[in-house]
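I have a structure I would like to understand better, so I am pasting it below and will then ask my questions one at a time.
Chain lettering (A, B, C and D) follows the sequence in which the chains are written, and residue indices restart at 1 in each chain.
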Amino acid sequence: MINVAIVGGTGYTGGELLRLLANHSEAKVELVTSRKLVGKPLSSVHPHIKGLYSQNFESPSAKEIADRCDIVFTAVPHGTAMDWVPDLLNAGTRVIDLSADYRLSIEVFEKTYGIKHKAPKEAVFGLTELHPEVASAKLVGNPGCYPTGATLAVAPLAKAGIVDRVIFDSKSGISGAGAEPTETSHYPNMAENVIPYRLTTHRHVPEIKQELTRLSPGIRINFTPHVVPSVRGILTTAHVIINKEAIDRIRGRTELAEIYSNFYKNAHFIRMSDSMPKLSSVRGSNFCDIYFEFENGDDRLVVISAIDNLVKGASGQAIQNMNLMAGLDERTGLWLPGMAP
Amino acid sequence: MINVAIVGGTGYTGGELLRLLANHSEAKVELVTSRKLVGKPLSSVHPHIKGLYSQNFESPSAKEIADRCDIVFTAVPHGTAMDWVPDLLNAGTRVIDLSADYRLSIEVFEKTYGIKHKAPKEAVFGLTELHPEVASAKLVGNPGCYPTGATLAVAPLAKAGIVDRVIFDSKSGISGAGAEPTETSHYPNMAENVIPYRLTTHRHVPEIKQELTRLSPGIRINFTPHVVPSVRGILTTAHVIINKEAIDRIRGRTELAEIYSNFYKNAHFIRMSDSMPKLSSVRGSNFCDIYFEFENGDDRLVVISAIDNLVKGASGQAIQNMNLMAGLDERTGLWLPGMAP
Amino acid sequence: MINVAIVGGTGYTGGELLRLLANHSEAKVELVTSRKLVGKPLSSVHPHIKGLYSQNFESPSAKEIADRCDIVFTAVPHGTAMDWVPDLLNAGTRVIDLSADYRLSIEVFEKTYGIKHKAPKEAVFGLTELHPEVASAKLVGNPGCYPTGATLAVAPLAKAGIVDRVIFDSKSGISGAGAEPTETSHYPNMAENVIPYRLTTHRHVPEIKQELTRLSPGIRINFTPHVVPSVRGILTTAHVIINKEAIDRIRGRTELAEIYSNFYKNAHFIRMSDSMPKLSSVRGSNFCDIYFEFENGDDRLVVISAIDNLVKGASGQAIQNMNLMAGLDERTGLWLPGMAP
Amino acid sequence: MINVAIVGGTGYTGGELLRLLANHSEAKVELVTSRKLVGKPLSSVHPHIKGLYSQNFESPSAKEIADRCDIVFTAVPHGTAMDWVPDLLNAGTRVIDLSADYRLSIEVFEKTYGIKHKAPKEAVFGLTELHPEVASAKLVGNPGCYPTGATLAVAPLAKAGIVDRVIFDSKSGISGAGAEPTETSHYPNMAENVIPYRLTTHRHVPEIKQELTRLSPGIRINFTPHVVPSVRGILTTAHVIINKEAIDRIRGRTELAEIYSNFYKNAHFIRMSDSMPKLSSVRGSNFCDIYFEFENGDDRLVVISAIDNLVKGASGQAIQNMNLMAGLDERTGLWLPGMAP
């Protein structure tokens, strides 16, 4: 049995780790930290897990966490994870960080987040399907939600060297913005609305560029996010401009389907779809459903991907990484259908 | 032309007064106050009115307001209206107060709101259909949203003396809670949910009791509110227990229909319905749609009313009161259909 | 391993049985029937389970089903289940019927549904918490969604003999109306709306009366359902009128809490709550969360219950019954947290 | 007073014409047709207008319509409008057709809709801001909803000759799909979802190409529509690729702002915005709100437009066209704020 800790367990990703780990056959939540809520039951913040966990929030040292746990999920804000990670690693645990602190090179991180990195460490980017080396990592930087949906949609095409440019237009449920009420999350503002934001400057862009450029140097990437009146889910519309040389070759659905199926042949959580993906098909699950369609007589391929931002886009993927790190089948505890309707 | 002022024009009721008055043929918004936003355009807070109003927020004295305006809408929080009303009245304007400060007797107000009333004044309860005397009022206490929907649903039955008890179960859109983000209004909390609150102690209960007891001394009233995933609208389900003597007499639909049509014969905004009222039929409008059904073999009559909480439940009713105070047809500027779908 | 069949597996309750059974350690879906879709993969109708089930829909005889399966869920419309049940029982399987065909006495069924019952059989009403005798039943009539939420909310009080009357005001997600598009389920009709229907005549009333009258002869029951803009969940507001003799005795929270905790002491899926139940806390789970509040100075107790209509209100409860019938812990395969947010 | 007829008045665009014309000072709805509902009150289909219209549906001949009316709105399905238009024009009325029958050249229409055009007529494309010649038109082909939002967003840039290519990614409320329940509009399918469809082949593409190519021959256009869980509104995200020569010149916000303000200097319903447009700001109104942002160091300009699909995208624009045809100010009867929240 793997003993796990959740550092910073009061937010949505913490709650989702608890939900998913409640039925994991090989892992057990040993402790959950919160400085503010020490001694309060986990269910005081997460009433949905009442009855399944009897623990209270704790506030142990990194040393004590390492003594009691094999793997630690850090689910604290970016800029705060770097306060925890070095001590946890030094004390001998392995860490899966759900913040942005260990996803990018130092230079790109500091430029993107506008803060100095206090504790650079070698880390593996935890987009599991693209980074099997997480299996032996001490530290995993778990990807952002948008980069997960966007990168998975296009990675096989990028690897095949047939893409000039991708314009990603993503639509996310509002849970991606967290558990704290804001102007945007105020029901009368969000309902019956679609809210584009950071049209050209979202902080997840460098993650997408990092991953796709690695597969296809020189690929051009643009990204615009929106929130829609939905709690969970990210639907990414990738407008892919195919390069001239490749167009005639890959125009047929069969060739494209082969590119995807070869690339993802061992990826249990990628489901190629013959019909339009639905957010309900992935809701609550770790699946990423993908569909594509070529524009007749043009160079545009439209790829659609659907994930649950809190599962494949955060806590589920973190557990998938944990499974690999622990030598388990990636599906362990995660082989759950979507919740439809 | 009536010159009107809106004191406290940054909230939902202020924005709705602006929306509705933009096309009022006999009234003109002369000024809108906000201490915090003096000099900023009204559209900085209310982008929906951009192009229709070019004014900026102001912060004049009560005296100046009275000099420039004939009627003042006070759309400030309860407890604050009483700071404005005496000066406005003394300076010679008439006031329609959308807060709770002038709806109840002093005793009931102080007990309900837990604060001392600083400036009691004679006021008419502005449920227009029940209080034609608003026409000559200096000060109108515009009713709460729940009391409007609840009282209008049952007033004719109460007047007819056939009701023992009413259990009101109301479902409101979340805009009733105002423009400030809260835990409850946080989209992931409100979406896909129904939130009962203050199950037995909502502050609107005394208004309902005041009005129905006036019509039927001894009537028993219970009230439980809920918010539902909707921006606007209140759907009230009134479980009406008919008294024993009346049951056989009023069991037929015809007799009940007559009770309603007689009571509301001059009320343009009450629409008796042969089918289930829809919130979309009253959305954005000043209508109150009412429907009822008797339970076969029992003493329960179920009455359903539908209003837009921000219109008939607040700003629309305030303008209806203004129309009467100015000697106009109550429909002036308000004779708008609902916005469906 | 229990081999189960789902007869009529294309609707929401069928899909939900598949979702929940995908991770049941002691049961395995052996076959799913659909006359129309024979040979098509289950995922063609239920894309959320793609990858977890590789089967196709089949159309075997009752005899063949009985040969291959230990327990059969009939998830067909009322009036159709009675065509299947006798043959399945004769062939030696046990049946959990999710339709209305075996919930009521013949007389009440025929009066309520307006059709003649073709195949009366002895059945246990499958509200698991109230009917431990399902353990040895050959045939279980799985309760309706509204009766589950309503009865569980009030059963302990009824048993305690302190209730005169209950007026149930229930708010349901629209998935309760099934997978077929209708006027009511049309998004522009349902969004931003609350739809009361069958105000006094819903077909679930006799189930509620049957169960509560059994516990408290003479109790009076009224029920009015509404659909709200939510996919899943039933929030029931029970306006409970306490009888005169009991009022003073049970006014305190403690006494009421004891009544509930004693009644439900072995019921793992009932969670008594100190704060308002949320639909998200039970979403996707088999829990029923209950909260109550006494009205000061009056005889009304307000009880709130929250369930997922498709789980505790249908397929989850069916599996809970299956667990008992198979001698398993009732939690087997169902010990899942709610999905929040 | 202009007497108007609505041919085919039972759908959403018919209902919206009634809502908007209810307060038009210079126009009066003389008759509304429906073959199926002759003799039934308009409010039987449109309960939101109850009390404002007392008419019944009629089914007169084109000749009679022309005798009684000055202008006719045909709000029937495409393929049906062409059965009405020639007779109406011959009988001497002017026609504003809300179907697709008169928006495109015959060749493009027949190719796009796959049906033969029975009655080609000269018509003006009724995107009012781009076609002042509607003032003297006998027949106006009122644009589709998507083309209105897309074309208005980009027309000034196209006219300025600085655009290479535009990839439109549009998000629409589901009311655009009409009043008939479908799989897509079924609440459990649409809620908590985002549904892309006709990724590369939507029938509105030719309208967008027609208008933008007219302004900028050679411009490349791609378009992908989505429906989101919203009743009304279209939010269009235009990913505009600026041509190389123009990039440095127009990079500044000021130059772009001038391009827009010059192009739209007489267009009252276009509101250029300094902050992100909200669907609530245009809901129920005829406004189109536009915002843009240049991507630093790249050739992409992101333009956002927001309209109400049923107003500026259909019935409001039709009335705007009517106003011009009648020599009125385009704002007459349409100078309404959005309905926020």
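In this text, a residue touches a chain if its C-beta (ideal position, glycine included) is under 8 Å from a C-beta of that chain, and two chains touch if they have at least 3 such contacts.
These numbers come from a predicted model, not from an experiment.
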| item | value |
| --- | --- |
| Chain at maximum distance from chain A, centres defined as averaged CA atoms | B |
| Winner on C-beta contact pairs when B-C is weighed against A-C | B-C |
| Separation of mean Cα positions, chain B and chain A [Å, integer] | 46 |
| Separation of chain B from chain C, taking each centre as the mean of its C-alpha atoms, in whole Å | 39 |
| Euclidean distance of C-alpha centroids - chain A vs chain C, Å | 35 |
| Contacts with two or more other chains, residues of chain B listed in rising order | 12, 175, 179, 188, 191-192, 229-232, 278, 280, 283, 341 |
| Of all residues in chain C, those that touch chain B in their complex | 167, 169, 171, 173, 188-189, 191-197, 199-201, 222, 224, 226, 228-233, 235, 237, 239, 276, 278-280, 283, 293-296, 298, 300, 302, 304, 341 |
| Chain B residues within the chain D interface of the complex | 12, 15, 18-19, 22-23, 46-52, 175, 179, 191-192, 231-232, 268, 271, 273, 275, 278, 280-285, 287, 289, 335-341 |
| Residues on chain D engaged by chain C in the complex (per definition of touch) | 12, 174-175, 179-183, 185-188, 190-192, 229-231 |
